[in-house]
């Protein structure tokens, strides 16, 4: 393992600012649709380019770009640090933003959504905040961007402005704001205990200042803080409610930004705040394991009983997020690797599924599984991609879901625990149990009133196919793009290796 | 200085204060208040605060009383308590 | 005349001279009153900045002897980091509100410009005098100046305002008398009225009941003035029924100045050992403040009038300041002082927004607000949104950081209940502000038919037409400028708060804290 | 004991007077009565201050050539007197403002009785709706 | 409720009377307020005032000197208070000019 | 106050007494250095003298003595005299209200004495003007809207 180096660079700040700079442009060009969406797309490409060209190579050599923007608290700066984990997450989210942008343009135009300007502006702020979360160098910066993300997502959740949307928005706000204040409390306490807020691979507690009681309370505070966005089970209920949002938003919520920042936060907390040593010393990993295992199983069972496609996907998301949490809770290199890989891989798969659901909605205005009889024949591309992703989520090779699950399993074996392994297997079966009926319905049942309907607009179909293709390719060769695998295992080593 | 005198004044003060707060006719209350002010002015002078006593006599017994009466004249004379 | 030496006294004198001469100068030319007020206010901001820079350069308190008598004999002015900072905050806010005032006063108080502006100037004179003085009795005199003007400024409002002002007058007089009584006890025990002098003498007489009673009375009096929880009774009515400009002037400044004085009395007259060890006054204050935070927030949720809601929210926010004062540790104090700044800016902005509503819509009733306002007054609503987010305490707005310091303070103190109260109030704040934001930024829920959400193309055409027919009807630039400046200041202050803390507030923490 | 009583009775009377004033201010319903209570309260505070300035055997604080100023116990402490002059003026000013407010209230509600006032204000609230 | 109020009043008065026990005897020439030098070493104001009214300001009446010179700033404040009261009465009660007068 | 039918005796008496009260008030102001009294007491007595006429002679006639519109300006000027005395000291290089810097060319204590007299006059004027103004305003009552 190489010693992490740092160098000062403005690139992390730029990645955050790119989409923020797009916001005024989007607002100003609200009258010209094409121009407006041009800004979105150009910003997404610039952002992705910045990450890939400038940050990724250095990150692979374990060099981190650091920038202190301004002191927001004596001794604690609003600082960005593009370490390996941050770059990893930034890659995923900025890469998927490109796809999501294309897709949302098709979606909102296809669905004739209102207030599109607000929609795109919020979207851009969201991505900006996600970048900030990925690159935050300390807890305070993390909180700042976390709250910005909360607020920026709110207009998206309530976008439809129906009663359900407003209700969902309120629920979302209550949950996430509560999470935010728990996080603030926890951070303040950490500051009191350690005198620092900087993330550090392997934990920020130098000399152990924790007593068992304190450790548990602090951990639970943190878990409440990041766990709401990560959809951990007792705190997940905002997620299905927020399903009233337009589908690209759901995709954003579930695959790119919000929940992924949640699990990102969980790994940050486990690996960079507490560290494996302290986690195992006070038995905190068992808490996390229990929560994650419970969530995986229960969410899968609930998903079984859903008829609304998007709700089903939501519960599936809840379950899969806990895979990642589970991976972190194992505290083994393979576990972390698997968890992190699953962030990326689940994103590609789930985004495909949501895009497909959105395409169905735009094309046919249908949301329930029972209404989908036979649509596979008229929308072969969409539903083909759907099938690929569903198989992947169930953990069947050669889709990428298998790879991450394999590593999770290995992690469980490494840690010598049987229960996590059992949970993984069981949930794989359950995944299959709720996805295969859909595939069956779509392709083999006879549909009604489908005459004259065809495939969704190309601008929507292309991203779907692309993401599905990505899933397959990544499943065959995980290091294909941007050395995902190498990055993930390097991060895992840095977390576990440093005692 | 003359504590016997002071005690007498104090008792008068407390009595007039009670009356001023208790009578229902506000005009009477205001006149009693003027008496109160005047006695308090005397008390100040007994205590050696000549300037304060002078001021209180002029203000409390004079201008303040006039203003109180203007107020009652402009509003109502009866009070419910 | 040496400007540098005399700079501490110039701000109160500036307001005093302009305040007393306005009725004479502007007797025939009424428009002159506004320009006098604006000019004096602008000059005061410049002087405050000058003073602050001077204090930072000198690095220790600057004493100014009025009449050149030494402190224990005469009155002195003390310009230290704390007073210079708060003075700048108050004057800057007042200046912005005065820019705003023209149209609002013309429409709400026609023909009363001259006495109104004169009163405002005298009020500012009172505030500045209170903040800069180093003498306990002199503080009382200036307290009364600004109290009297406050009664008047409130009472010129709508029909119920006179009763609100009367209640305030009774409470305020009790407060003033209590303060005076406290000073009396203190004087009898110590034989001095100078704050620094009293501070030096008090260690010789700790634990004496008379001094403790004096402290209690002063705290009670100032508690009424700053509307600390059980003593806040006058505030909601007063702020609600006052004219918009008055509320916008008084709400950010009045309670803040009283809180400032409380900090002075606690930490610079009695000293920390006295306040927190001999008698748990500080603890009592912080408990009351916590109750006030929760109570104020809940009451704010129950209101349907924007100004009244803001008034109750002021009660809650004053609770934050009180909590910070009562925590008696560096973080708490920093939080309190920072919150004086932040809350002043936030409340000024929000009250200006409500003034804009009153001017353009004729009301500020929350339930009558709808999404047409967004089209009518987009900038006003933008300012409102920023201020509301800041009130909720979301980073990177300014409101977050004072809460952060207070949270650190409570943890330092080890009291989890306080921490919980701060955090819960965040949620309550969110409830009452997002309620309005929802109304303004979304279609009215009632106008939708129940099944529209089923379809993607559900546009409710009546609503849409309604939205399109609404014309832009923003307030004039002279009113918009202060509103937006304050809103922008919230973001800037949030990001730059460490500079403020490092540069100024850090130095106010008294020794031994 | 006698010394103690003579040295303290003025405080006791003052505090009783103060409570009478406070009672008038807070519990009387009529606004004019409240103002009367306010006056009593203020006067009692002035008495408190003035009574602390006393020195047995001292004279009024005006320079008398027959009494040497070297011995300050011969003159009553003048500082409290000065403070109380200010306090009296403040009291008058407050009373003046209170009168203006009362007149304004009476003009609007035709009563100065708090209970009736509140009743009418509530009625106003209802008519607003 | 009313009795609670009375009770509070009585308790209040009782507390204050109890606290007055701690106040120095009235008329005591050696009370803290009359000292020449305070424990902290600063000059006792009242002591100085009595001795120096003639030498400092050529005036016999000590109260006048304190009022106008030593603590003159208080008196300025006091005048401002009363001016404020006048202004507030003006603000609240005086007739407004006709609106067309103000628009000139 | 607002009565129109004046009792001639009251009117006459008040007219006779009023100048004497004023004279005494002036004495009180100017003699404040040597005996109890000063600007505030004197000013209040001046106001009382004016108010006596106001009370006895009715609104219209009393305007001849002291016009209603004079109250506030006189008060303002009074406070301004005070303010300016202090400010003059500041202009001459001293601290604010340091009367020994007043440009009288006398030794410091005597200058201070004169300074005190100057501000006592200011105080007297201010108090008189304002008290009369308050009386007038109160009697006027709140205007109709």
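Order of writing sets the labels: A, B, C, D, E and F. Residues in every chain begin at 1.
As a convention for this text, contacts are C-beta pairs under 8 Å (C-beta built on N, C-alpha and C of every residue); 3 or more make two chains touch, one makes a residue touch a chain.
Everything numeric here is computed off the predicted structure, so don't read it as measured data.
Trainee: What chains touch subunit C and also subunit D?
Mentor: Chains in contact with subunit C as well as subunit D: E, F.
Trainee: Quick one: how many steps at least from subunit B to subunit F, stepping chain to touching chain?
Mentor: The fewest steps needed to get from subunit B to subunit F is 1.
Trainee: State the pair with the higher C-beta contact count; candidates are A-C and D-F.
Mentor: A-C
Trainee: Starting from the mean Cα coordinates of subunit A and subunit B, work out the distance between those two points in Å.
Mentor: Going by mean C-alpha positions, subunit A sits 78 Å from subunit B.
Trainee: Between subunit A and subunit E, tell me the centre distance in angstrom, where each centre is the average of that chain's C-alpha atoms.
Mentor: Distance between chain centres: 67 Å.
Trainee: Distance from the CA centroid of subunit B to that of subunit C, rounded to the nearest Å?
Mentor: So the centre of subunit B lies 38 Å away from the centre of subunit C.
Trainee: Considering subunit E alone, which of its residues make contact with at least two other chains?
Mentor: Subunit E, residues with two or more chain partners: 16, 20-21, 23-24, 31, 33-34, 45-46, 49, 54, 60-61, 63-64, 67, 69, 71-90, 92-94, 96.
Trainee: For subunit B, jot down the residues that touch at least 2 other chains.
Mentor: Those would be 50-51, 55, 59, 63, 67, 70-71, 74.
Trainee: Touching at least two other chains at once: which residues of subunit F meet that condition?
Mentor: Expected reply: 34-36, 38, 40, 72, 76, 79, 83, 96-97, 99, 127, 131, 134, 137-138, 141-142.
Trainee: Applying the document's contact rule, which stretches of subunit C touch subunit F when the two form their complex?
Mentor: 1-2, 6, 9, 13, 16-17, 20-21, 23-24, 27, 64-68
Trainee: Residue numbers of subunit D touching subunit B in their complex, please.
Mentor: Listed in rising order, the residues of subunit D that touch subunit B are 6, 9-10, 13, 16-17, 20-21, 23-24, 28-30, 32-33, 35-37, 39-40, 43, 46-47, 50-51, 53-54, 56-62, 76, 80-82, 84-85, 88-89, 92, 95-96, 99, 102-103, 106, 111-113, 115.
Trainee: Flag every residue of subunit E that touches subunit F in the complex, lowest number first.
Mentor: 54-61, 63-65, 67-69, 72-73, 75-76, 78-80, 82-83, 85-87, 89-90, 92-96
Trainee: State the interface residues of subunit D toward subunit F in the complex, per the touch definition above.
Mentor: 60, 62, 85, 89, 92, 96, 99-100, 103-104, 107-108
Trainee: Enumerate the contact residues on subunit F facing subunit C in the complex.
Mentor: The touching residues are 72-73, 76-77, 79-80, 83, 87, 90-100.
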